[in-house]
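Consider the two complexes below, in which chain A is the common component and chain B and chain C are the respective partners.
Coming up: the complex of A and B.
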């Protein structure tokens, strides 16, 4: 039973991590929590759904299409709603409020155009279950977990090893200095938003396959945001670890204590953690950024 | 300036006079419904069904010689929003209100309409405390419903589990944020225990959550015969998929909120051979006529049971107005309490004047048949 709980917890946590990365990326460079991320995930899921049901593409192409589509939407979101505020050097609180507005706008836009129906993806995986030492795990979960970890790792390599990645890290350190050194910050920010959108696309397709596609499905990003805070907002390894910890703790509490008390317990943990470690597990002491 | 305002007054007077000369003011009936939010699927279907019926009534001469006008606001299936909508409807001077559909929102709405002396006829809110005030245990003067109530539904589910499924060990999975799920779990447990069974686990999740593997993992260890899932169709479908993935073989047993055609699309093979209690049988000849008409008008299937219950609610109001020959709140409430054998969309309806619930409203057990893509009638339980 313990092993099963752990396996379930990790597979739930893997999805939290994937979504938390999007929050952390944007927070690291613009210091604000992009609450429209959940809506981009939702749109990513709809893009994937359209590719899968209308064009009958396979899983690989569906994920690729959703990654590109959600990435572009995320960049558009930044250009329309945040760029003007950013250039006027508005406090990050305003950006956050604008993000909340975008989230509500996008959700209701989907209600008004596509409607409120629940959709399911066609079955890419026949419901196959892998049994390991008495615990069962669906093939899809295993795949989703592997892809999540793989994508986060690839992002880490990109950020640390490529020229653009170095520019992003420089931007995280000091945006003004970075632009003085001849880096096009608008382009840099667009790249970051594209990356966050790409992760939203992957997360959207997996959420859609695992659960359902509907306008308020982005709700679950609340949990991912908390995961990002636990790990330390702005830190990529933090987002990964925070997501896994939250998933495992939630599952353990539901199994061994009480499912009614689960959120009471997990959120008490969050508050306690923030009191002791205000920057989260992997956040840096001196600043709120990486 | 003075001249201008006199001219304006004259114009306004002229308009209002001519309006009165052409037709009497319409009868306004309120509709509080979730057009967006998690329950919007039923809400939009409810709105369609009401519009369809109102059009028909108006074409046949309306109500007391006046046209019916529906005043509709979105309550987003949210208690706070429902209270706002109720206040707004009271301000709009509607003669009666249809909805809300959810028990929690109906319980939040009731006191406001009670004070405004506007009768409320809910659609599918099955909690007993919609029509009865929980604090005083007295029937609310202005609250009515066309659907059965949860103690009956919970009992029917428990009776079916014990008598037909030979279940002795049960578990429940419910939404901790919904009055509907919490109370049904309680009623099911009472009835199931009274019949010699035992409920080994009552696992909860938070509204909008779709991952129940933690809760189901615990239920798996308990080796139960049946899992009672009093939720709407999307949660039920997710629970079924995750339960089967975890290798749980127990029979799944649900309630009237499952009764939506997309249950099968969402649940796939996992939901096959599950049972649930429903308000009305889809093979009912009365409803068949409605379904055909709805399809012809809107080009899609109605999302049952809400649209049927909403039409029932509207017919209750219309019949009560005819009986009272008045749109006055107290008189209308009195007429609603004494409705007898009126013809409604779901069949024939009589209201019990003591608790404002329908008398003899039957419940049916339906079985999910994924291959045929339909709900198969299994058994019928008569009302009180």
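Coming up: the complex of A and C.
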């Protein structure tokens, strides 16, 4: 029972991490919380749904299609809603308000066009289970967990080993200097938004498979946002660890205490942590020597 | 004043606003190929504004910066691609990145892997201490080492011209001396240098020509040797009684 709960928690935590990574990436480079991220996740789920139900593609292609689609939508989101503000050096609060507007707009677009119906994905795993040490673990949970970890690990390699990754980290510290190194910062920001969108696409498909697809499903990103803050906004390992902790704690609470207590617990954890460690578990320290 | 043999960088009637402040009023500066030209002036004279405007970070309200007679593009990354590299005041290193990653950032516009490696070696021969600190985070270096890294980072783009903004700021006199010696070395390797300094005497000693910037305007300009002898300059900038 415990092992089963743990695996469920880790799989939910993995999905939280995928979403938290998107928040963290964008926060670290533009210093604002992109509240349109939930809408991109929702659209990613719809893209995946369309590929699965209309084109009858397999899970791999569904995820791939959603990654590309949500990535492109995320880049468009930045170009339309943030780029102009950014160039005028608007305070990050304005970007956040623009993001909220985008989120409301996109959700209502879906209501107006696709409708408010709840959709389900075709069953990719047919409730398959793996038996380990007396517990039956859902194959979907294991798969979701493995893909989440794998994707975040791949991102970590990209960020630390490639030239573009180094440029992203440099841009996090000082975007102006980054442009003085010959980096086209508009393009760099688009790459970051594409990455965030790609992760949103994976998260959207898994959320849709695990639960349902509907216009306000993106609100679950509240949880991912908590995960990102717990881990330390702007930190990739932080997003991963924050997501996993939140997922496991939530599942343990709803299994052993009560599912009503779940959100009370998550938010209490967030507030306590912010009081004790305002920068989160792995928050970035800034240092400059003059 | 004698014109340089071959004009390289021409700053023509430059007007720049810094926020609401009209920081530069029609500044003219010529930099010839292979020269070290220095701009001296007190705090707030507009020296850094001039550098940021040439590098494309601050928008030019009026006037132009010409490179080999052609107007510079507006975006900073396009200006770097033409071979003009800025080492800004206070270094502005990527402090969370390692020394090596800072150098890689400097070479961002280049694709020639071997050239990049050999240029890194060139930086180490100029500043051997950087080689020992390669995997250390740039933010943990001493002030002098940070300045060496900042210059090396700019050199990694293989610039034709280097813009140095207050390289001596906050450094011990001995460190400044060796730093200025390397600036001469860099020039001897064929890099044109525009140097902005509050530390007027040392800047004039290593430069070919000098400009005095006063509240956003060029007050006077002359070969550096003449400026050093000028009693008014000595009084105003070198702290001597006339």
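One rule holds in what follows: the second predicted complex is superposed on the first by the 279 of 290 C-alpha atoms of A that agree within 3 Å, B and C clash if a C-alpha of one lies under 4 Å from a C-alpha of the other, contacts with A are read in each partner's own complex, and residues count from 1 in each chain.
Keep this in mind: contacts are C-beta pairs under 8 Å (C-beta built on N, C-alpha and C of every residue); 3 or more make two chains touch, one makes a residue touch a chain.
All values derive from a computational prediction rather than experimental measurement.
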Which of chain B and chain C A:116 touches, first, second, both or neither: first
Contacts of A:166 with chain B and chain C, given as first, second, both or neither: second
Greater chain A contact set [chain C / chain B]: B
First (chain B), second (chain C), both or neither touched by A:216: first
First, second, both or neither for A:129, with chain B first and chain C second: first
Touching partner for A:183 - first (chain B), second (chain C), both, neither: second
A:33 touches, of chain B and chain C: first, second, both or neither? neither
Touched partner set for A:174, first chain B, second chain C, both or neither: second
List of chain C residues in touch with chain A within their complex: 55, 57, 75-77, 80-81, 85-86, 88, 90, 92, 94-97, 101, 104-106, 108-109, 139, 141, 143, 146, 153, 157, 170
Touching residues (chain side chain A, partner chain B) in the complex: 1, 4-5, 8-9, 11-12, 108, 111, 115-118, 120, 123, 127, 129, 136, 138, 211-212, 214-216, 219-220, 250-251, 254-255, 259-260, 262-263
Touching residues on chain A, where the partner in the complex is chain C: 163, 166-167, 169-170, 172-174, 176-185, 284, 286-290
Residues of chain B defined as touching chain A within the complex: 36-38, 40-41, 44, 176, 203-206, 208-211, 213-215, 217-218, 220-221, 234, 237-238, 241, 244-247, 262, 265-266, 268-270
